[in-house]
Each structure stands twice: as C-alpha cells, then as structure tokens.
Amino acid sequence: MTDAMIGLVALPLTGAVATLLLPRSATVVAIGAGLATTIAAALLLFGVANQGALHYEMGGWSTGLGITLRADGLSALLLMMTSLVALAASVYASAYFSAASERARFWPLWLLLWTSLNALFLSGDLFNLYVTLELLGLSAVALATLGGKRAAAEAALRYLLVGLLGSMLFLAGVSLIYAGYGTLDLATLPRVVEPGPIAWTALAMMTTGLLLKTALFPLHFWLPPAHASAPAPVSAVLSALVVKAAFYLVLRLWLDVFANVVTPVAANLLGLLGACAVLWGSWRALQAERLKLLAAWSTVAQLGYLFLFFPLLLALPPGPTRDLAAGGLVMLALTHGFAKAGLFLAIGVIQQRCGHDTIRDLDGTAQHLPATTFAIALAGVALIGLPPSGAFLGKWQLLAGAVETGQWLWLVVTATGSLLAAAYIFRVLGHAFGHQPYPNQPVTVAREEWPALLLTAMAALVLGLGGAPVWKLLEIGT
Amino acid sequence: MINLASSILILAGLFFYLAGSIGLLRLPDLYTRLHALTKADNLGLGLLAAGLALHSQHLLTSLKLLLIWLAVLAASATSAHLIARQARRQETRR
Amino acid sequence: MNTTNLLVFDGLLLFSIVGLAWASLATTDERRSVILFMAFGLVLAVAWGRLLAPDVALAEAAIGAGLSGALLLAAVRKQSPGSSHTHANPDRNYSESGAKVVLQWLVTLLCAALAGTLAWALLHALSSAPHDTLPRAISDNLVASGVSNPVTAVLLNFRAYDTLLELAVLLTAVLGIFSLGQTTPGYQPAGPVFDGLVRWLVPVLILTAGYLLWVGAHAPGGAFQAGATLAAAGVVLRLTGRSRIGLPDGFVLRIIMAAGVGVFLLVGLTLLLLGRPFLGYPPAWAGALILLIETAAMLSIAATLLLAFVGGQPQSTAVNAAANRQREENSRC
Amino acid sequence: MLTAQVLYGLTACVIVALGLRGALLHASLLQRVVAINVMGAGVFMLLIAVAYRGPGLPPDPLPHALVLTGIVVAVSATALALALARRLHAEQDND
Amino acid sequence: MNWDAWLPVLVVASSLLPGLVIFFLREGSHRLRTALNLVGAILKLVLVGILIWGVFHEHVYESRWTLAPGLDLVLHADTLSVLFVTLSTVLWLVTTVYAIGYLENAPHRSRFFGFFSLCVSATVGLALAGNLFTFVIFYELLTLSTYPLIAHRGTPEAVRGARIYLAYTLGGGMLLLIGTVWLHVLAGPTAFVEGGILGRLPAEYHPQLKVIFLLLIIGLGVKAALVPLHGWLPQAMVAPAPVSALLHAVAVVKAGAFGIVRVVYDVYGVNFTDQLGLLTGLGIAAAITIVYGSIKALFQDNLKKRLAYSTVSQVSYIALGTAILGPIGTIGGIVHLVHQGIMKITLFFTAGNYAETLGIHKVSEMNGVGRRMPATTLAFSVAALGMIGVPPVAGFVSKWYLGLGALEAGMAAWVMPVLIISSVLNAAYFLPVLYRAWFREPGPAWPAEHIPAARFETSAALLWPPVVTATLALAAGLFAAAPYSPLEWATLIAHREYGL
C-alpha cells in the first residue's frame, strides 16, 4: 500500500514527461496516467482504511534525515477527491482543447499540477511542502495563462506574484521552525513545539502565506479574475483543488502540528475573516454578470465557511463532538471540491456551445443543454448546502458546533450565507425555464457533459447519502 | 617581510580602487568615467591579486588569483568597449 | 584575522547588502533597480562565502545574481529607459494623494513590525544551543551517500525527493514560458572585441560547467552551479547576436528539457522495481547514480534557464535565420 | 549566541521586510519581481545564518541544501513571471 | 435487511426511481413515460396498502441509514405517517392521470414528470420520516423539487412566482434547520415518538425549548402558509393546474401542516407543549390565518387565487386542531389533513378543467358553466360545500370534531366564533360561485374554448380525476364511521398519542 504513495507522485510526473515527449498521443497518455493515478489513490484510501495511517521513508533514510511521506484519513480523502476531480476534468479537457498545439501545451502542465497536488497532500516535511507549494503555484499559473486572452495573462501574473509572496512568507516560517527546533518533520514537530515567540511567529507567517494562497478574505482579491479567465478545466481544478491544498495545510498546521500553540483568539480571528468571506463572496457572486465570475466569487465564500470551523474546533474539548465538527469541515471541503469543479465544467460547456457565459442572456441556453443545466442545479444544491448534498451534513455540524459552543455569530453568518447562495444560484436557474423545446436527448455532448454531471452528482448525492465513512476515516490520524 | 610587501601591494590596490570610484563619481561624462573606472580598477585588482598571491602559501592559489585577474581584465575591457561603443552610436544617431 | 577585524568586515558587508537592497527597491527606474539587484546578489554571494556556504555562494553568483539579473535586464522595457511610468496600471503608480501616502506608511509600519517580530523570534531561536541531531545524522551517513560533499549528499540523496520536485518546478516554468509564445528577437551582432572575448569565454564556461559538475561530489559545486554556468555560455552567445545559441530543435530539445526529471524518475522507479525504496540508491552505486542524475539535471537546468532567457519556444531555424539577416541589415551603421 | 549569526540573522529580517514592502508597494511589475527576489534572499540569509556554527566549524549542510533548492525555485518563478510580464507589455504595445 | 425494513424504502423508491429514469428519457417517448408513471403510482398504492394493514396490526416498519455519526436517515411507518402517505399516494395517482391529460402536447414533459415524481417522493419521505433530521431533509427536497414545477411555464410571472416561493420556503427551511440542530444539540437525535420526548428535559432548558419551538413553527408555518408567512402561496398560482392541485392538497402546504402536527405531538408532546404555554399561541396564529384567508378569498375574482386563499384558511384548521388539547380536537385536526386534501384537489382539478376546456380563469366568467360542464361543476360543488362544512361531505366531519374538541378542552370561547365566522365566510366566497355556475345564463361565448364538447364535456383524463376525488370526499363524510376511514384512522392516531 505504501507503494501507492509513490505511485501518486511518480505516475502523474511520469505522465508529464511522457506527454512532453510524445505530443501526438498526449491525450491518450495523459488519460492513462490519470487513470493509474486514480487507482493509486483508491488503493491508498483502502490501505489507510484497513491498516491505519501509512508513511513512507523516501530513499530509505530515517525520518528527519530524509523526507517522509505520510497519509492519514484526511490526506487519503483529499487525494481521492483530487484524483476523481482531476480525472473528470481530464476527460472534459480531452474534448475542450481542439487544436493539437493546445493539447501539447496543456497536458504536461496539467499532469505537473496533479503531481504537485498529490505531493502536497502526502508530504510530511515542511520544506518539501514549500517545494510542492511552488510547483503547485507555477503549474497553476502556467495553466491559467492558456486562456490566451490578455485578461488571463494579467490575472495569471497577479496570481503568480501573490503566490510567490505567499510561498516566501511560508518559507520564512519554515526557516524559523528549523532554527528553533532543528527539524522539519511534521510528525516530530508536535512533540517539540511549544508556545512561544518562535512558534507564534512561524505559525503566523506560514498561515499568512497560506491564507494568501487559499484566498481568505481580505486576501482574496486575486482569485476571481484568475479563476474566471482560465480555461474551464483549469478553472475547475483551481477552484476545487488548488485553493483547497493551501487550506489543507492551514488545517494541518493548526490542528496537528501547532495544536498546542494556537489560541482561541487567533482562531476567532480566522473565523471572523471567514465570516467576512462568506458574506462578501456571496454578495459579489450575486452581483456577478458572468457565470464564471459567479463561480469564482462563490469559491471565496465557500472557503469562508471552512474557516468558520476554526473557532469551533478550538472551543470544543477533544472528544466525539469535536470529531463530528472536524468531519463536517472535511465534508464541506470535499463537497465544495466536487461541486465547484462540476460547476466550472458545466459553465465551460455553456461557454463553448453558446459562445458566452453572460447570465442575463442565458435564456434558451438551458434548453439546449438540459444535462448541463441539471449539473449546475446539482452543484447549486451542494453550494447552498441543501440536502442531500454533503455540504448539508457539513453545515449541520457547523451549526451544531456553533450552538454547542454558544458562538451564535457563526450561526447567523452560515444562515445568511446559505440564503445568499440560494439567491445567486437560482438567479441562474431562473433562466432554465423557457419556451424553447428540449433536444430529444437529454445528454447532447457526452464527453463534455458527463464529467460535470458525475462530479456534481458526487457532491449533491453520493457524499451526502454515503458520507458516513468520512468520519470513520478521519479518526485515522497520523 | 613578505607580509609587509603584500600589505603594501594590497593598500596600493585599494588606493587605485578608491581613485577609480572617486573618478566614477566626480568625472563629467561617460567616457572619462569609464576611463577612470576600468583603468584604476584593473590596476587595483592586479595589485590586490599580487598582494594576496604573495600572502598565500600555495602556488596553485597564486595561479588562480592570476587567472581571476586576467578574466576580469578581459571582461571589463570588453564591457568598457561595449558601453563606449553604444554611447557613441547613440550620439551619432541624435 | 581577529574578531574585531571580522566584525568590521561583517558590518561593511551587511551595510552594503542592506544599502543595495534598499537602493534597488527605492528607485522607480527599472533598469537601475535591476542593476542594483545584481550587485546585491554579488555582495550576497560574498556573504555566503563568509558564512562558510561556498555551494550557495556559487549558486547565488551564477543563478541568483547572474541569470536572474540577465532575465530581469532582458525584461526591462526597451522603449522606456529610465522611467517606470508606462507600466501596467497607471492608477497604481506612486502618487502624491493622501490615501496613497497613508497606505505607504501603513505598509511600511507593517513591514517594520514583521521585521521586529521575525527578529524577536530569531533571537529566541538562536539563544539556545544549536540543534545538532540532523547535522550529525548527515555526517554519520555521508559515507553511505556516495558523495563526500555534505550539501550534495543532502540535495541528491537524503533529500533527493525535494530535488526531483525542484526539477519539476523548473520544467513547469519553462513549459509555462513556452505556452506564452515564441522567443523575443535576439540582439544585434557583436563587434569584434566582444565577439573575440566570447569566442574564448564560451569554451571556458563549458569547461567550467563540466568541472563544477564533477567536483560537486566532494567539493562545492554540482548540477545547479554547472547548469547555470552552461546557461551563461548560451547567454553570452545570444548577446553576440547568435540565434541558435546551442539549443537544439524540437524533439531533442524536449528530451533535454525533460531529462532532469526523467532520469531522476527513471532511477527512482528502477530502484523501486529492484526492491529498494524509491530513490534509495545502493551505497555502492550511489556515486555513479548521483553523477548520472546530476548530468541530466545540468542539461535540463541549462536548457531551461536559456529558454527562459530567450523568452519562449525557439523559432524554427529558417525563420530565425531570415529574421537575423534582416536584423543584420538594419544594424549596419 | 554567535555574533555573526545574530548580525546576519537580524540583517536577514530587515531584508525580508524590505522585500515585502517593495512587493506590496511597487507599481512596476518588474520591480515587484525584484522585491520578491530580495525578500527571498532575506529568507535564504536567515537559513544560512542559522546554519553557521562559527569560524572553523563545519556549518549545518541542510540549510545550505534548502537554500540551493530555494534559489532554483526562485529563479524558475522569476523566469515565468518575467515571461508573463513581457507578454503583457507586448500586448499593450500592440494596442 | 428484512422485508419490514425495506418496505418504507420501497414506498419512497416507487416514485423516486421512475422519476430519475424519466429525466433521461427522450422527450418524445410519451408512452414509456406514461407507463412508468402509472406503474410507479399503482405499485406505490399496493405497497401502501400493505403498510396500512401492517401498521394497523402494530407491525414495525423502519429503515435506517447512517449519514453521519449520530445522524440517521430513518423511515418509519406509524399511524400518522401512514395517513399522510395514503393521502399522497392516492392523490398522486389521480393527479398523474390528470397531468397526462393536462400536458398533452406541451413541451418539457420529461422535466415536468421527473420533478413531479421527485416531489411526491419527497412528500412520502417526509411523511415516513422517523425523526426530525429526516423530516428536514425531505422538507428541503420538497422545496427543491417543487421549484421547477412552479416555474415550469417559463413565463416571467412563473419564474418570479417560483422565486418568491423559493425565498419564503428556503428562508423557512433555514429556521427549521437551525431549530432542529439546536434541538439535536440539547436532546440528541429527535426521533418521532408518540407523546413526545422533550418532557423529560430539565426545567432550565425550557426557555430554550420555547425559542426552538418558535423557530420550528415559523419554519413549518411558511409552507403551511400561516399568516403572515403565506405570501408565496397566491404567487405560486402561476403553476400548471396539476401542480397547484398537488401543492395545495398534498405536497407543500400539507407538508407544513403535517410538520406542525409532528412537532407538537411527537417531538414536544401535546401535553408538554401545553405545559410550556405554547399551545394557545399556535391556536391563535391558526385562528387569525383562518379568518384572514377567508376574508382575502372573498375579494379574489381569479378562481385559482380564490382557491389559494381558501387553502391558506383551510389548512390552518389542522394547526387549530393541533392546538386544541384533548383527543377530539386532535381527531378534528388530523382528519382535516385528509379531508381538506381531497376536497381542495377536486377544486383545483375543476378549476383547471374550466381553464383548459373553456379558458375560464375568473369567477366572473363562470356564468352558466354548469350547463356546459355538468360533471365538472358537480364535482366542484360537492367540494365547495364540503369546504363550507355542509353535511354529509367530509368537511363537515372535520369541523364537527374541531368544535367538539374545543368544547371538551374548554377553548370554545374563542374557537367556536372562529369556526362560525370562517364557515360563514366560506359560504360567502363559494356559494356565489355555485350560484353563477348553475343558475346564471351563460354569456354569448366562452373566453377560449380549447376542447369542444364531444363524448364528454372535456377530455377523459381531465374529467375523471375530479369526479373520483369528489366521490372520495363524499364517501369520507358518508362512511366516516367505517373501518379504515380517515376518521377512524385519525381516532386511532389520537388514541395512541394520548395513550388511551
């Protein structure tokens, strides 16, 4: 099972090299590598479920001297999500990019992005995390520029600079940690880190860097233009996975590595920023004129919800209630990943078939593409947090935690945010009803419509109805 | 004895560097500045290298220092030439 | 040298480092800023030497100051020498409006606070005895690593995985640059003096690169420094107006670009198939495998840096030659 | 505490702050890139200072290796950023 | 899982699966779609028959599926759920037939019938919900599946009406969710148990429980159209007639009322609710709604709008019955759940028939329509008289029990006037319609005659459903004392609730 960890990094990376060398058959090679990676992720998930947390010492060097890969329930789940989302987006991309030259450019970068995500979720070493963050940032930016338009280049450049600034702050924190504790290993650190200037400063710098990358309000300014101007499959992965990766690191640092360093005050600050993100992001999504911008602003808001959990988790004593809340957080993150990826793919279909994604002019569009419209509706269900989506279970835990700890503010924010989400989603769906007749077949362009449909169904149905194992898996910590 | 000699050489080198730098700051136009800088600095570096070479115990080190001087000489001569040529070209264009 | 002298030296060095950094960022003239930054990098290399980090000093001089500088200089906008007032967002320029001034002060305060906090934490970290577990572990395992330069041992054996991903970062960057389009036009042909220098400089650089690669196993040096030196050879070739600068076309170029990551992966996966850990070299083979990986890495690094310098996918030879001819005609004065 | 460590370490903090300030305030894209590089240099300096063990003693090689990796990563990012900036400028000039 | 555990799932699935399949059918395959619908509906009827028999004989049917630790999706058949399930199933079958006739040649039928089936599945799931968590899930699903039905026509008014509906119900759903979560934190999983489960909580929780009750009732009151939360209901009239029929008789409005019954009886317990002093407040809210709805109905010329306000008023009888302490009032409220459903669906069917056949949308256009469409108008009359409370139609039985219950509970002082006033108002807004339909001379031409009189006054699929439901309404009143009649079943529920 530990070989699956190597596979998760080596398979997409090999794929990247292979697609670079064989541009003519890049699509086939890439889909093959993607499939293999997904199988590796599934194997790892089963391995973690059956054998508990896994680790792999790279090069056979003992932890500390070498780099150790680690997989626990959380990382296995995120890896699985990454693979499923990326695979679906790959299938979609195989139809999205028509020109051979476009495909030749796209696939190596795409697989490098995939590599970086997997490497990040598996990494057990702070400096290695910095490298994976940079790989993630650069590949994401390079892919975002494939939009070809000037707006895309401008947004990508800003994205890159913000990302670099974030990584530098992160690296500064890592350096401090090494200076203070002489180790970079994530599993060793919790035993040696103690509250004090070093840990506080390092955590503050790393967190700030990561918040820049995960676009928490007010550091979100770069996200909407970057996500809205990238090609659809890239937007899907940027919104669903890339920001989630930085968030995962915040979560790791706050709940595992620096668990005895973080204070409720700091967590409240994160929660407050999250609340602002929820309200502001939803509000801007409601104002958006284009579907892609709507989706991008919705990402800002959805990330806010994740941060609302921090004050709850800090206030709850360790025990089943806290585990429930933590599971809710992960469930919300997973659901958003699938839903947002599906949403962006669906928007991509609309954009390509209709030549635009202006919300005002969507009348009739929905009638041409019923399956895609349905996918948007499913994504909407998940984004609002209605049952039977996984987000409903997540929000339930969020509300329960808020009630449990008496932090009513988060309850109000969650409720308001959900209603705003409903407003912006149904503003789009209102255009789905018109007089134009449906095509005879509900699914018209299979390779483009099915990925979105499956991803959103995953978010809106599968996770919500079959999500109980998520909590079980999360009990498996490092 | 060797120490003294090397110290004198190094100090002389530093003097030339100082002169070159003052020239760079004080001289009126690009050509004269370039003149001061390259001349003085090349000589300064040569003296510095010689001083250090005397100071070092190994012949290999001394040879390396010589090599450094030669390399810098070639590079600075070429770049001074390039700068001067470019400046001249711009003048003629105007 | 006694400690006082050293202190004076440190003081001067640090003063010039801070001064150059400040000056480089205080100016609004892009070209001046870049040149000051290059000087900053060079002084920094001296500082690394002072702190007994010769590997880093070499890399800083070659990559940090040299190639980064070359890249930055090439990106300085040609038509706006000495002015920064033509760039992307005119509204974001420094202006005298009150809000801007307040913002500047706020940011400055924030950064000062950051410096203070960082220093506070760092002093705490440095006040206790240094952690020697890891350095000791490194020197204990040095024999098994296949090289005797501890930095190379860390880079290519103990933390080889970092380096693999780092090569992937390089590959990503160059692919990203590729996707942005074709190369920028080259430079005018050089005059005889410069050309003469380059004629003997390039072979020396190539030789130096080979030396650095080989020596990295037991002394400062290695693939990165060697790759940067090799790239420097290409850069000077380009400065003399040569268009091909040693970069091959098409498939071969792609192989070279992918070589660093590819060979690394190949070695790692082969070892995995042979029942060893991923990237776990058998001690007997370690030296040879590291050299193999480093050679491939050097080629990739050099190609990547050069491609970054020329700014995109090389145009096909014919087109290039035509463009060159055109340029030559224009440049006759 | 070694004087050199402290001196270089504190300078590193100043450089980081200088770089950050430049990255936040500069309007010119190129200079932002320069500023981020300066900031990176500050972080590297921090690491090298931490690795230093005093004259005559072998320094900790690990931070050196990290900085080498960091330098290459930084130059890759710089190259991509500059390529993007160049592309943007070219398009502006075409307008 | 054994058969007893599967049965509730099958009851839900018998409409859910056909619905999902229908989405993916080609638009043109009408026969397959119709077949799927009817097979599903009939299968559901059979399954529900088994369920009735079993529950009567105190079989336990329960399906449980864990969604998250401590959060189980529970489908559980008890007397109350079976009552509602039966109502939904029977009326679904009838409405499906009606809808097939109504939507002949209309576009987007796959979407319509898909969501129609989902809507019924949600209703049935809501009826079978074994705890508040499950109830909330189906409650929201119901909102989601009805939205496309209301917006179905795609006109700006339809989309607007649907949006208003959504704003109300999602807002209400959010309050319901918050209340449920809060209750869950206080008391753990809130399974529906006859007599309630909250009475055993310590007294210091009582203030919180009052707030939660308010949240829950407001959340449910939105769908039950309690004044002032009824604003969406008249707007939702833009939906096609079968949708309005289902919405008003079974699905949405009734879901809210059913939820109120559940919360009062099976979560708080009616005695504990009374002890908290909440019952009177609920009763007053219901009373205000009853009178307000009737008065508003009086001034509507648009037939469907008049019916809509009538719904506002009539559904609150259920809440009123819930608020009357004592088994007889309970019986009155619960039996009205069924009676109002049958009668109101008849009214909407017939209103749809007038519109589809003759283009009649307004009361003022109905002069003499009884002669052109006697069967339809007869059905309309039976239902309208029932609404007023004229014996022997079902509505009389409800009102009778409500009155008796109020007397028994000592609440007659304000319940009786409400009943009398509302009955007078009911008469005031229905009798003129009947008078016009039967006794006024028809105008020179109908507004828009779509379906000419042939063998029947209108097409068969449109005619039979109201006739059947009107007959049912009559039968429910005439044979109220028969075993398995709604009244008998309501009595059973009340006895189990009060532990008699």
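Order of writing sets the chain letters: A, B, C, D and E. Residues in each chain are counted from 1.
Here is the rule we go by: contacts are C-beta pairs under 8 Å (C-beta built on N, C-alpha and C of every residue); 3 or more make two chains touch, one makes a residue touch a chain.
Just so you know, these numbers come straight off a predicted model, no measurement behind them.
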Between subunit D and subunit E, the fewest steps along chains that touch one another: 2
Shared interface partners, meaning chains that touch subunit A and subunit E: none
Closest chain to global C-alpha mean, per-chain Cα centroids: A
Greatest separation from subunit C - chain, by CA centre: E
Furthest chain, CA centroid comparison against subunit A: B
Inter-chain pair with the most contacting C-beta pairs: C-D
Centre distance in Å when subunit B and subunit D are each reduced to the mean of their C-alpha atoms: 30
Centroid spacing, where centroids are CA-atom means, of subunit C and subunit E in whole angstrom: 73
Between subunit B and subunit E, centroid-to-centroid distance (C-alpha), Å: 97
Inter-centroid spacing, subunit B versus subunit A (mean Cα positions, whole Å): 57
Multi-chain contact residues (two or more partners), subunit D: 16, 19-20, 29, 33, 42, 46, 50, 62, 66, 69, 73, 76-77, 80, 84-85, 87-88
Touching two or more other chains - residues of subunit E: none
Shared interface positions of subunit A, touching two or more other chains: 127, 131, 134, 138, 141-142, 145, 153-154, 172, 176, 179
All chain pairs that touch each other: A-C, A-D, A-E, B-C, C-D
Subunit C - residues contacting subunit A, complex: 88, 117-118, 120-122, 124-126, 128, 130-134, 137-138, 141, 157-162, 164-166, 168-169, 171-173, 175-176, 178-180, 251, 254-255, 257-258, 261-262, 265, 268-269, 272, 276-281
Complex contact set, residues of subunit E against subunit A: 23-28, 65-71, 73, 107-108, 110-111, 136-137, 140-141, 143-144, 147-148, 151-154, 158-159, 162-163, 166-167, 170-171, 173-174, 177-178, 181-182, 184-185
Subunit B residues within the subunit C interface of the complex: 74-75, 77-78, 81-82, 85, 89, 92
Subunit D to subunit A touching residues, read off their complex: 16, 19-20, 23, 29, 32-33, 36, 39-40, 42-43, 46-47, 50, 62-63, 66, 69-70, 73, 76-77, 80-81, 84-85, 87-88, 91
Residues on subunit C engaged by subunit D in the complex (per definition of touch): 3, 6-7, 10-11, 14, 17-18, 21-22, 24-25, 28, 30, 33-34, 37, 40-41, 44, 47-48, 50-53, 55-56, 59-60, 63-64, 67-68, 71-72, 74-77, 79, 84, 87-89, 92-94, 103-104, 107-108, 111-112, 114-116, 118-119, 122-123, 125-127, 130, 132, 134-135, 138-139, 150-151, 153-155, 159, 162-163, 166, 169-170, 172-174, 176-177, 180-181, 184, 222, 224, 301, 304-305, 308, 311-312
